[in-house]
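Shared between the two complexes below is chain A, which pairs with chain B and chain C, respectively.
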Partner chain A sequence: MTTEITPVIPVPERAARVFTALAAVATAGTALTAWTWTADFPGDLTFYGSPAGLQWLTLTGGLITAVLTLARYGIPGLRWTSPAGGNNGILLAALGTAAVSWFAIIAIAVDLGGLANLEPGGWLAGLTSLLAVTGALGLPLDRRTADSLGKPNYWWLLAGVVGYAVHHLITRTLRLAKIERKLPPARELPSWAEVLLIIAAFAVGLFAITFGIDTEYGELFTGYLILAGFTVAALAKTGLLQRLRALTVKHRPVATGAAFSAAAAFPFTQTSDQYTSVAANILIFATVALGLNIVVGLAGLLDLGYVAFLGVGAYAAALVSGSPASPIHVAFPFWAAALTGAAAAMVFGVLIGAPTLRLRGDYLAIVTLGFGEIFRITMNNLNGTTGPNVTNGSNGIPRIPDLQILGFDLGKKHLVGGIELGRFSNYYLLMLIITAVVVLVFARVGNSRIGRAWVAIREDETAAEAMGINGFRLKLLAFALGACLAGLAGTVQAHVSYTVTPDQYTFAEALPPNSAFLLAAVILGGMGTISGPLVGATLLFLIPKKLEFLSNYQLLAFGIALIILMRIRPEGLIANRRNQLEFHEPVIPAQSAPEDAVPLTKAGA
Partner chain B sequence: MHDLPQQLANGLILGALYGLVAIGYTMVYGIVQLINFAHGEIFMVGGFGALTAYLALPGGTTLWLAVPLMLIAGILVSTLVAVGAERFAYRPLRSAPRLAPLITAIGLSIVLQQLVFSFYPDAKKARVFPKIPGDPFELASVTIQRSDIFLIIAAPICMLILGWFVARTRSGRAMQATSQDPDTAKLMGIDTDRVIVMAFAIGAAFAAVAAVAYGLRTGQVDFRMGFILGLKAFTAAVLGGIGNIYGAMLGGLALGLAEGLATAYIQHIPGMHLFGGGAWKDVWAFVLLIVVLLVRPQGLLGERVADRA
Partner chain C sequence: MTTTTAPAPTGTTLLDVRGVTMRFGGLTAVNNVDLTVSEGEIIGLIGPNGAGKTTFFNCLTGLYVPTEGTVSYKGNLLPPKPHRVTQAGIARTFQNIRLFANMTVLENVLVGRHSRTKEGLFSAILRGPGYRRAESESHDRAMELLEFTGLAAKADHLARNLPYGEQRKLEIARALASDPGLLLLDEPTAGMNPQETRAAEELVFAIRDRGIAILVIEHDMRFIFNLCDRTAVLVQGQKIVEGDRETVQNDERVITAYLGAPLEGTGAAASTEADQ
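So, the complex of A and B:
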């Protein structure tokens, strides 16, 4: 692939730079003006001098663009934001700001019925953000040369005509796609400074994620997603993310600790239980997705009924929880209930896995799909009329009492350090411990002899067995371990949601967790990585939750996204290095050289 | 046990339905080693295609005319969808790692379900499908619904045509060759892409026939009907030995019989009186699948094949 460094709009570089910086600052400034005249638009954008709602996003985007532009000026103190050099990051940041500003304008026009509802400030935001994009297009950008473009990729037509047009514009007209810059070696820092940097980065991350979870209306969440997507892409282009990644790899224990501290700090940033319940459910979903990643990502076994193991754990915990609706009148302490749930799920994992894992992988997929469905049907049937009364049928087991751990009642409010932690905060923190256990298991097993054997089986089972690996035993181990972790998460889920019903555990439903969404979280995030499923699960949980206007077409969009993702980025958002190489293996070209052009040598003949 | 003949008849009719859908799984799997998860939805789409044709006909059209037209419409819709899916979703992934096409198939199955759910008029609930009116036939102690006559006639005809096609025609033999060894088949001048499209198309056509039979039998079609039926049909394909078209039909019949008999008689086994009846029939079908995988994983008619590396 050949590249060139040229501006899209041919203007002097210096002029473009000044222009971009000024326009970006001006865009940020427009956030201080009124965008609309009425307080009817969510967030109330009518004040001069104080940004609100979507305006915060434009402000942030404008400032990031300005900082990145100034960093390329060589202004000391800012250069660290752009270690790889190049101006593509500036363009992405400017695009993100413009996208979020125009999204706000369109949202105002649609919500309030007409563009007349915009105040001059709104128009100004739209205009200045576009000027910043224009300025960024005048900067020398890393582009592909015109003759190095391959055939157009009509796959994008699946994303609609607009999707294709955008793809065409970016990759073929502007020639901007997929160019990576080499990072210069990092400056040596004392290790305490590096640790501080990691902590600062995770604090920013906590702030960003908290902002996303706390968004109160769909417009703000959409804007947040737009800006977050562009900003992450921009920072990846400038090399800042790679720098950070290198740091976290170097100080892995610190990074892990910081990540968990940031996650544990979340309930302390909340004033009510409204969003901690969302966060607790995200954690459950993410933990189960991580468990599935052991099965799918490491061992390469496609499990389509994984949510049933969560259900087994949840039902087991509910039955021994002392709920008045449970036919077994016992109340286990949490540790015993957790063990029961995990053990029950593991037993089912072995029962399902033992006959099928001896066969080709495809059988496992269909058997697990069947198991997921059968689990739901069976739980429905064990209601006393069509079967023995165990589960109360479709009514489920309600009124599951709150957990008491060492005398600590998770259902009550507690004051910790002057901040009140409600019921969901308690469960969130409990779940975080379980997430930590699963992360630990994943990391330790993944890097062990067993984990390497799983990867070998995934890549080529025949070759792995020839190397002396017992394929069946190890696959069964992966499957049972995955089931066991899901069961463990299920025991907490039963208590968080008060009630377990069969319909919580389906193959595909509009709300996660269900088997299809779990699989999608793993694939979207990245198979075989730890952070991938966590990110994927968070996105897949928040998007349906926050964007209720999507609700009718949510599953449809989900299915289309799955198909497109498999075609375009099968390795997921956060790619495992090995997966990335595997999925983008260059296809060996057919012998296209004309025969007479290659003289036959003796060796060739 | 005096109603045994009746139960056998019910089981066989249900089994023929499973068998027709199972052929789609088995043909595609035999040639490209892909479990086409979306096949259940191809079946469902065929049912809705047939329903559309019925609704488009003027009221009072005799079923002698309506049923063939519905059949044609269903086959058309199913085949188009299946061939389109093959062309645009599966073919680009043919050299991708195994998980990719499988996940695409799941995505496709969700998309098809949701398209019908969202855009077919009134498809949020089950839609009424015509039934063949009139009294059921009585043969000795066996009662057969009139609507089932369609399936009893159509299934054997379909099997005969398919058997003739695969064994006697050039295309059929190309199909056999491709399933035995795609690379060598290609070297012998067979257009394997065409063969794959053909396998998808035939499977879809059979699924559409099954969908019409299903609609006539149950009097309704709904957007979810492909999921469980697809699962059962796949079980039938495995039961008969996946890759073998006669095995698929045999597996379907066996599964239908087992399901029918389990529904009727399990409750008479001492200690099992709560586990019979329609509520448990899917569970028993699944248990049968597990048992078959344990004792005869290659299926009834399948041969043990070495992994093709």
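So, the complex of A and C:
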């Protein structure tokens, strides 16, 4: 692929730059006008001089575009935002702003019934944001050369004329390409300053995520996702994210500490329990996804019934919680309940793993899928009529009492530093500790003799065995450890959700956690990484939660989104170094002979 | 197998293969093969394509369970489990390179240390002093092996990104990491140019100098006859001859096996074969 640095619209660079900057500032300015005349649109965009709802997003996007444009002038104090250089980041930011503004315009027109409901301010926002995009197209961009394009791809006609037109526009007219730019060496800063930078970055991250979780209506959340996606892509292009990553690698303990402090600070930003309950459930989902990442991402065992282990943990905790519906009338303290849940899940993992782990690949996936369903059906049948009464069948185990830890009642409100923390905040903080434990286990085991053996088994089980690795035993260990961590999360989940029923643990459903979403969180976020499943789980939990208006089309939209993502970023949102190289680096011919020349299976197996 | 003019083994016997037969349904891939390897020996295994050489290797390393016969190492019967064979002290490479392609060069060799280290799950989580010591020892040993094979400069590269010849070397380094007494090389010079082949020869001698016996499958006859103390010829699953260079080169059956019976063939063909 040959590349060039040329504008899409041939105009003088200086003119394009001035134009883009002015248009971006103007776009930000339109957020101060009224976009619609009635307060019926959620967020109330009728005020002059005070942005609200979606207008905040346009304001942010416009300002980011303006800052990135000005940074390319070399203005001191702004240059740090664009260390790598190149103008593609500006275009992405401008596109994001335009997308958000036009999304707002269309949402207003659809919600209120007609474009007549737009005030001039709304039109102005749409116009200026498009002007900013036009200006950015006049900047010299990293593109493929016209003669390096292959034949046009008519398959896109299957997606309709519009689909083909969009495809044509992107690949033929824009021809954006990726040019690797070496980051100039970072300015030497005293380490306290670098630590402050990391803390500031995580504070911004906390703010951005809190904004996303706190969005009150689907339109705002959609706009937030659009802007966040484009902004992250833009900052990745300008090299700012790379800089930050280098900093966090340099000060890893500080970065980890800052990440957890930011997460722990979340309940203190909330005034009610409405969103801390969402956050607590996100953490449960994310922790289980991280556990699954050991099984799938490290050991390469495709487990489609993983949610059963969460269920085992939750049921075990519910049975020993002292719930009046539990046939065992005991109330364990939390530490004992957590151990019980984790141990029960681990035993279940070994029981399922021992017979199934002799299978490879697709067969294992099918068998685990079956076991996941067997768990749910068994829990349904242990109801006193079709089996012994252990789980109350489909009614589940209700009225699970709140946890008491060291005399601290997690069900009650507490004042901490003048801020009231409600029930879900308490559970959120407890869950955060468990997440930290799982992160620690993942990080340490992943980079050890055991973790290397897992990766070796994933890469080539026959060769791994020939290196002295007992494949079956190590796969069983991965299965058991993954199950144990999921069970640990399950013990908290039982208390957070008051009730444990079999139908919480299905293979696929519109709402997480279920096995399909867990796997999707791991793959979408990035296999084999720590932050990947956490990010993936957060997105996959928030999107269905916030976009309930999609209702019946949720799974369809989810499927389409997954296909698009796998097409453009097969290694997941956050790639580990290995996968990044695996998917995007030209392979030097190595494995010349076909794989099947040496038989893969044992004789007689 | 009839004429066995092998010199009496000097050191103690490492590998003792007796009557190994491998049948796949009606096909007998390896038929009643005996072989011994003594300490410090380099033994060659040659034969036309499909003669059963790799199948024989797989029987030795536990990938296949031989239909009949026994394999013992240092007097102990080997269990037909690849990881236990490696644990016992036999390491191997593969005919088609089977590296852990998406692990780094160093990690590949560290995986080879697996059978000689013991640190389990809990010591990995707790990271006590014992764990750190074992990890750093493994690391040093792996780096030493990478120095030995000349790959130290590329320790942090992904294995898949190495050029072909270096991938072969890495496979050997990975096998050596398990501190084997016997190394099985399956066509170590396949696809190499003459210079690389010569370098491979030197590497094999250097490995022998570390006190490791070697059993090598190869098609490059010059390579085999330069290296090996003894060479066994496998044809259609049977060992037809075993012995030193002259014995093998002058054996009628070997020539027949490679070139066919000299009915309409000319002598010229036979003489080029003898050299190649």
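Throughout what follows, the second predicted complex is superposed on the first by the 549 of 605 C-alpha atoms of A that agree within 3 Å, B and C clash if a C-alpha of one lies under 4 Å from a C-alpha of the other, contacts with A are read in each partner's own complex, and residues count from 1 in each chain.
Convention: a residue touches a chain if its C-beta (ideal position, glycine included) is under 8 Å from a C-beta of that chain, and two chains touch if they have at least 3 such contacts.
Source: prediction; values computed, not measured.
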Ask   = Which holds for A:Gly559: it touches chain B only (first), chain C only (second), both, or neither?
value = first
Message = Going by the contact rule set out at the top, does A:Leu244 touch chain B (first), chain C (second), both, or neither?
response = neither
Request  = Please work out whether A:Ala233 is in contact with chain B alone, chain C alone, both, or neither, and reply first, second, both or neither.
outcome  = neither
Ask   = Looking at the overlay, does A:Leu511 come into contact with chain B only (first), chain C only (second), both, or neither?
value = neither
Key: First, second, both or neither for A:Leu32, with chain B first and chain C second   = neither
Query = Which holds for A:Thr462: it touches chain B only (first), chain C only (second), both, or neither?
reply = both
Query = Now for A:Val67: first (chain B), second (chain C), both, or neither, which partner does it touch?
reply = neither
Ask   = Of the partners chain B and chain C, which touch A:Ala165 in the superposed model: first, second, both, neither?
value = neither
Message = So in the superposed three-chain picture, is A:Ile450 touching just chain B, just chain C, both, or none of them (first/second/both/neither)?
response = second
Inquiry  = On chain A, which stretch or stretches are contacted by chain B in one complex as well as by chain C in the other?
reply    = 460, 462, 582, 587
Request  = Sort out for me which residues of chain A touch chain B in the complex.
outcome  = 155, 158, 296, 300, 302, 304, 352, 355-356, 358-363, 365-367, 369-371, 373-374, 377-378, 380-381, 386-388, 460-462, 507-508, 516, 519, 523, 527, 552-553, 555-556, 558-563, 566-567, 570, 582-583, 587
Query = Hey, which residues of chain B end up touching chain A in the complex?
reply = 29, 33, 35, 88-89, 92-93, 95-104, 106-111, 113-115, 118, 227-228, 231, 234-235, 238, 274-275, 277, 279-280, 282-283, 286, 289-290, 293-294, 297, 307, 309
Ask   = Okay, in this complex, where on chain C does chain A touch?
value = 22, 24, 54, 58, 61, 63-65, 81-83, 86-87, 91-92, 94-103, 107, 110-117, 119-121, 124-125, 127, 131, 134-135, 138, 158, 160-164, 167, 174-175, 177-178, 191
Remark   = Interface with chain C, chain A side, in the complex: residues 440-441, 444-445, 448-453, 455-456, 459-460, 462-471, 477, 481, 578-579, 581-582, 585, 587-595, 597-599, 602-604
